[in-house]
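Letters A, B, C and D mark the chains as written, and numbering starts fresh at 1 in each.
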Amino acid sequence: MAQQVSVDISRRGGGHDPGSAESCPKCSQLLDSDELAANLMVCSHCGHHFPITSRERIGQLADEGSWTEMAANLRSADPLEFYDLRPYVERIEEAEYDTGLSEAMLVGTARLHKMDVVLAVMDFRFMAGSMGSVVGEKFWRAAERAVETRFPLVAVCASGGARMQEGLLSLLQMAKTTCAVEMLSQAPVPFVTVLTHPTTGGVLASYATLADVIMAEPGSLISFSGPRVIEQTIKEKLPEDFGRAESNLNHGQIDMIVERAELKNRLVQVLGMLEGGVACALQPLWEEEAGPAGRRGAFAQTLERIKSFAHTPWRSS
Amino acid sequence: MAQQVSVDISRRGGGHDPGSAESCPKCSQLLDSDELAANLMVCSHCGHHFPITSRERIGQLADEGSWTEMAANLRSADPLEFYDLRPYVERIEEAEYDTGLSEAMLVGTARLHKMDVVLAVMDFRFMAGSMGSVVGEKFWRAAERAVETRFPLVAVCASGGARMQEGLLSLLQMAKTTCAVEMLSQAPVPFVTVLTHPTTGGVLASYATLADVIMAEPGSLISFSGPRVIEQTIKEKLPEDFGRAESNLNHGQIDMIVERAELKNRLVQVLGMLEGGVACALQPLWEEEAGPAGRRGAFAQTLERIKSFAHTPWRSS
Amino acid sequence: MRKRLSELSRLPTLPGVHLRDEASKIKRRLHELGGGGRGDSSAAWEKVKLARHADRPYTLDYIGLMFPGFIELRGDRCFANDPAIVGGLAAYQGRTLMVIGHQKGRDLASRTQRNFGMPRPEGYRKAQRLMALADKFGIPILTLIDTPGAFPGIAAEERGQGGAIASTLMRMTRLRVPTVAIIIGEGGSGGALALALADRVLMLENSVYSVITPEACAAILWRDAKEARPAARALKMTSADLEELEVIDGVLPEPRGGAHRDHEGAARIVKEALEENLRELEMIHPQARRQERLEKFRRIGVWRENGLTLF
Amino acid sequence: MRKRLSELSRLPTLPGVHLRDEASKIKRRLHELGGGGRGDSSAAWEKVKLARHADRPYTLDYIGLMFPGFIELRGDRCFANDPAIVGGLAAYQGRTLMVIGHQKGRDLASRTQRNFGMPRPEGYRKAQRLMALADKFGIPILTLIDTPGAFPGIAAEERGQGGAIASTLMRMTRLRVPTVAIIIGEGGSGGALALALADRVLMLENSVYSVITPEACAAILWRDAKEARPAARALKMTSADLEELEVIDGVLPEPRGGAHRDHEGAARIVKEALEENLRELEMIHPQARRQERLEKFRRIGVWRENGLTLF
C-alpha cells in the first residue's frame, strides 16, 4: 500500500536550494526558498505546511547539538528477493541515493528545551515512508531505549503504509510496533505522536494511533486507506477535506492540531505534563507501586522543569 | 424521570383475570386471558410481548419451588419528606396496595434448570419501576450474595428511571449499583441483564448496561431519555421504531434479542458458557490467580453442566 | 421524627448497616422548622436560577484562573470530539492534574457549539479516555460539573447515551488515582453524575444537584411545568439541603454576592478546596482509596427494614 | 547466499539479535531452486483463487461444525453491530471458547449484509469488547481470519478505521488468556492482522496472508492490476511461502481437493490444531505467555546491520 499516496517533496537530498523560489501548492504564492526554510517550510501567506525531511524535522526540534542517532547501521535486506518491474534492492539504492538516508525512519536521542527524549522520525521521501523490517526494528529500539532511560518517546509519522516489497514481514511490523508501545505502556513512559502529511496505512493502524497524546500538523492527510482506494471502492470523488487533520480532530481521532512553529514547545509542555504525574506516583505511601528506582531521578528533573513552566502561562484552547 | 414512560400493565395485583379476554395492543387480536398466560403473556398471533410482573417473571424463570426471596423486609422511607400534589408515602402505599409488592424490585436466589443464580427482577407497576434507595440496596445485596456464593447474577430490568421523590438519593443509586457491578467484576462473577419494556433513565445508565452479556425482549423500549423529552427537545415526532430493542441491536448496544419462551434456556446457556471459562482459570499452573477456594466447587458443578450441554446442540445465530 | 429517633436509639448497630448520625438529623429538622429560608419555596428556586446564571464561571474559566498551564485533549477516538465536555492536562503546583468538566457557552454561537453543556455519548467516552490516561501516569483527576443533563436526542440515544454514562461511572470506580468532583453550577441528573463518582464530591454554595430539573419534575408530578418552584424545594437540590442529607462531602462558600460576581474569588475557593482534599486523599494508599470510594457510594440510601429507618 | 551464511557462522550471537536457523534458509532456497511450483507464478495465483473460493467454509461454518453450542454476542456498545465480524461463546470440550472471526456472505444478499467480509471500525471494537470479556473470565480465544481487508470508506475512516485496528492489536498484546489465530481464507492486510496478534498463528494450506492484495500491488508496482499473477508470486503470500519465512507458526494441510470440497474435514483439521495448540499454551503461566507473545512479534523482521543480514 506504500505508494498510493502522492506527496510532492521535490527537495531531494534533505534540504532546500538556496536562492531559488518555490510556489505554494495551496495559495500559489511564489516563495523565496531561504525565507521558506527560515519559516520552517511553512508558507508565510496561507500557512500551508510543506512536507519536510526527517533531518529538517530533527533540526527544528532538537536543541542545538543534542541529537545522537541510534541504530544508524540498520539497512533493509531483501528477504523476499522481491522484484516487480525492478528489483527491490535497486529501489532501495535509489532511495538511499536520493535522500542521503539509509531508511524511512531516523531514531535517536535528543533534547527539547533541555528535556531528554527519544525521537523516531519518519521520512516520506524514502520509499513513501513505508514501514518495513528496518522501520519496525528502529522503532522497537527507540522504545526500548525510552524504557531503559525513562525518557519519553516522540514519534513523528509520515507514511504511505507498509513496505510491500517485504511482504508479510512488513505487515507484521504493525504487530511489532504495537508490542513496542505496550512495552512503553507497562513502564509507563510517555509516548506522543505527531502525524504529518501523510500518515496512512499500517503506520496509522499501529503505533501512530496508540500514543498517549496524538498531535497532527495542519492539513495533513490522516487515513487508513489511501484516497484512491476509497474512490475506487465507493466510486465517488472524495471531498477536499477528506481525512485531513481538521476532519480527524472533529471526528475525535486526534487530540490537537499544532502548527510547526509551536510544535517543539507543545511537545515539551505535554511531555512535562505527562511526566508531572510521576510526582503523584512517587508520594511516600505509593512507593511500592513506583517501579524502578531510576524513575526517581527522572522525576526530580521533571519536577524542576514543571516548576519553571508554572511561571510561563500557556493555553492550548 | 420516573413517570415519563407510559406502559399499560392493566393487570393489577400481579396476575391475569381468569376467563376474561384481552386485546393485543399490536395486532388488536382479542386474546383469551388463560391462553395468553399459558403463552407466557406473548400474543400468539403477532408475538407481541405483554409486560409482565416481577412475580410472573420469576415464575417463568425459576425452577419450581426454587425461589427464595432476600431482603424482603426493605421498605421505602421518605428521607426528603417529599410531597407534590400528594405525599410520597401515600404514593408508596398505593403502589403497595395495587401490586402486592413492597418495592419495584424483587431479589432472591433461584435455580434455572438446576443452575443456582441470584435474581434481581424489577416490576414496572410499582411506581413505574423507579429506582430509589430500596432498589439500590436490594441490588447491592443481590450482588453481594452473588459474590459470596459465586452464583451468577441475573437482573431483569423494567424502569422509568430514578425515583424522583427521593431526590439526589435516587440519582446516587446509579453510582451505588455501578459499585455493585464493579464488585461482581472483581470476583469475577458472571452478570447478565435482560432489558424488558421499558428500560430507561438511571437504570439503563447504570447496572443495566454494565453486564457481561445484555439481552432484551422483542419490542422493548431501551432509551436513556424518555421519548416525550426527546420529542420536546428536537420538536419532532419520533419514528415508531425509536429506541426499540431491534434498533438497539443494530446500533451495537445489546448482544441479543431473546423471545420470552427462550429466555430461561438462553440464560442458562450464556451463564454456563461464562462460567465455563472458570475451567481454564483453574488449570494447575494458574492456581495462584484462581481466587477463593470456593470457586473450585462452583467450577466442578459448572463443568458437569457444560458437559451435558455438549450433547444438546444450540445456536443463537 | 421523635418516634423514629427513639426507635433508632433503642437498637444496636446492625452489621452492614450505616446509622446516620442523628445529631445532624435533628439539626436539619430544627433548621427547617426555624425557617432559614428553606421552608420558603422561592429560596430553592432562587438557588436554581443562581446556579444557571449566565455570568457564573464555567469550567474553562476555572481552568484559566486556577492553573498556569493547560493543554486540552480532545476526542473519544471513536466518533467525535464533544465540545460539551472539555478535558486536559493542567499544571498544578509543580505537578499535573487531569481536569474534566462540562462546558456551557456564553453567547449564542458558543452555546450552540457547546450544545448548552449537554454532552452526547462521545463526551462521556472522551472523559473515560482521559481518566484512563490520568490513571496510567498517576495523575489525580478533578471534575467540574455543570450541565442541565445529558443531551436527549435520537442520534445520541442510538450511540448509547445510557451505556456511555454507565461505563463512565464504572471507569470512575476503578481509578487508582485520587478524584475530586466539584459541582460548580447545574448538577443535572445522570449527565452530571457520570463525572461525579469521586472520592470527594463538593458543591459550590449556589450550585444545585438533582435527579431531575424542577421544571420536568413539576411537569410530571404537578402536571404543570410552571410549578417548578415547589418542585425545586421538594427535590432538596441545593447545596445546604444535600449537605444535610449527607450525600455530598462538603459545601464551598462562594464569594460575597455569588461566584458570578467574582470569578477570581470563586476560583480561589475551588483551588483551596482542591488542595485540601487532594492532600487528604493522597495520604491513602490507592487500593484503600478505591475501596473507600466503593464503600462511600455503597452506603448511600435511606430505607426502612423491620420497622427501622436505616441510612 | 553462501557468503551470507558464512558471515553469519563466523560471528557470535549478538545480544538482542535473533539469528534465524540457517538450515531452514538453505532448505527454502533449495526448494525454490528445485522448483516445487514456487518458481511458477501461476501456482501462487491459484492459491489466491482457492483462498477466495466461494465454496470455502467461512467462520460460521467452522463454528457450526466444530462446536456443539454457540452463542453469538453482538455490538461494539458504541455505534453499531458489524456483521463482517462475528463473535461469541462456543461450547468446547466441556468448557468455553471465545471465537471471533471475519464473516463473508455466500449469496448476494448475505454478501452485501456482511460487506464482503470487510469490517468497519465497529467490527474491530466489538472484537475488543469480546476479547476483554474472555480475558475477564479466563476464556481462551480463537480467531478465524478471512477478509479482503478493512473496508475503505469515508465514514469508516471518520470513525477511526486506523485507530480501531491499532487498538485491537494493542488489546491482543495484553490478553492473559491463550490466543490462537487461524487464517482460513484470505488474510488481507491490516484488516486481517488486527485479529492475528496471537500466541499461535496458523494457516490453512490453501489460505493466503498478505500485506496487500496482488491486484492492488500490481496496480502500484506494475502499473497494471492485471499483473496480479507475478505480484502474487512476488509477495510470498501462500502458506508454504510464509512457513518458510518463519512468520507463521504452522500450516494445516487441507482435506483432499481443498477445504471447499470437504467442510467437515476442514473443520476436523482446524479443531485438532486448536486442541493441540491450546494444550501447549495452557501449560504456560499467563504472565509468561504474554511475555512470549511480545517476544515473538518483537523478533519478526529481516535486516542488515554492519554488513550482516539479521533475522
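As a working rule, a residue touches a chain if its C-beta (ideal position, glycine included) is under 8 Å from a C-beta of that chain, and two chains touch if they have at least 3 such contacts.
None of the values given here were measured: they were computed from a predicted structure.
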Set of chains whose contacts include both subunit D and subunit B: C
Subunit D reached from subunit A - shortest hop count over touching chains: 1
Which of A-C and B-C has more C-beta pairs touching across its chains: B-C
Between subunit C and subunit D, centroid-to-centroid distance (C-alpha), Å: 48
Centroid spacing, where centroids are CA-atom means, of subunit A and subunit C in whole angstrom: 40
Averaged-CA centre spacing for the pair subunit C and subunit B, given as whole angstrom: 28
Residue numbers of subunit B (touch at least two other chains): 209, 251-253
Residues of subunit D whose C-beta touches two or more other chains: 77-79, 159-160, 163, 167
All touching chain pairs, where touch follows the definition stated at the start: A-C, A-D, B-C, B-D, C-D
Subunit D - residues contacting subunit A, complex: 150-154, 157-163, 165-167, 169-170, 173-174, 189-190, 193-194, 196-197, 209-212, 216-217, 220-223, 230-231, 234-237, 242, 245, 247, 293-294, 297-298, 300-306, 309-311
Subunit C-touching residues of subunit B, taken from the complex the two chains share: 1-4, 73-77, 79-80, 82-85, 132-134, 136-137, 140, 162-164, 166-176, 178-183, 200-202, 204-210, 222-226, 229-230, 233-234, 238, 242-243, 247, 251-253
Residues of subunit D defined as touching subunit B within the complex: 60, 64, 68-82, 86, 88-91, 93-96, 122, 126, 133-134, 136-140, 177-178, 282-286
Subunit C-facing residues of subunit A, complex: 185, 188, 190, 209, 212-213, 249-256, 266, 269-270, 273-281, 283, 285-286, 289, 303, 306-307, 309-317
Complex contact set, residues of subunit C against subunit D: 77-79, 121, 125, 159-160, 163, 167
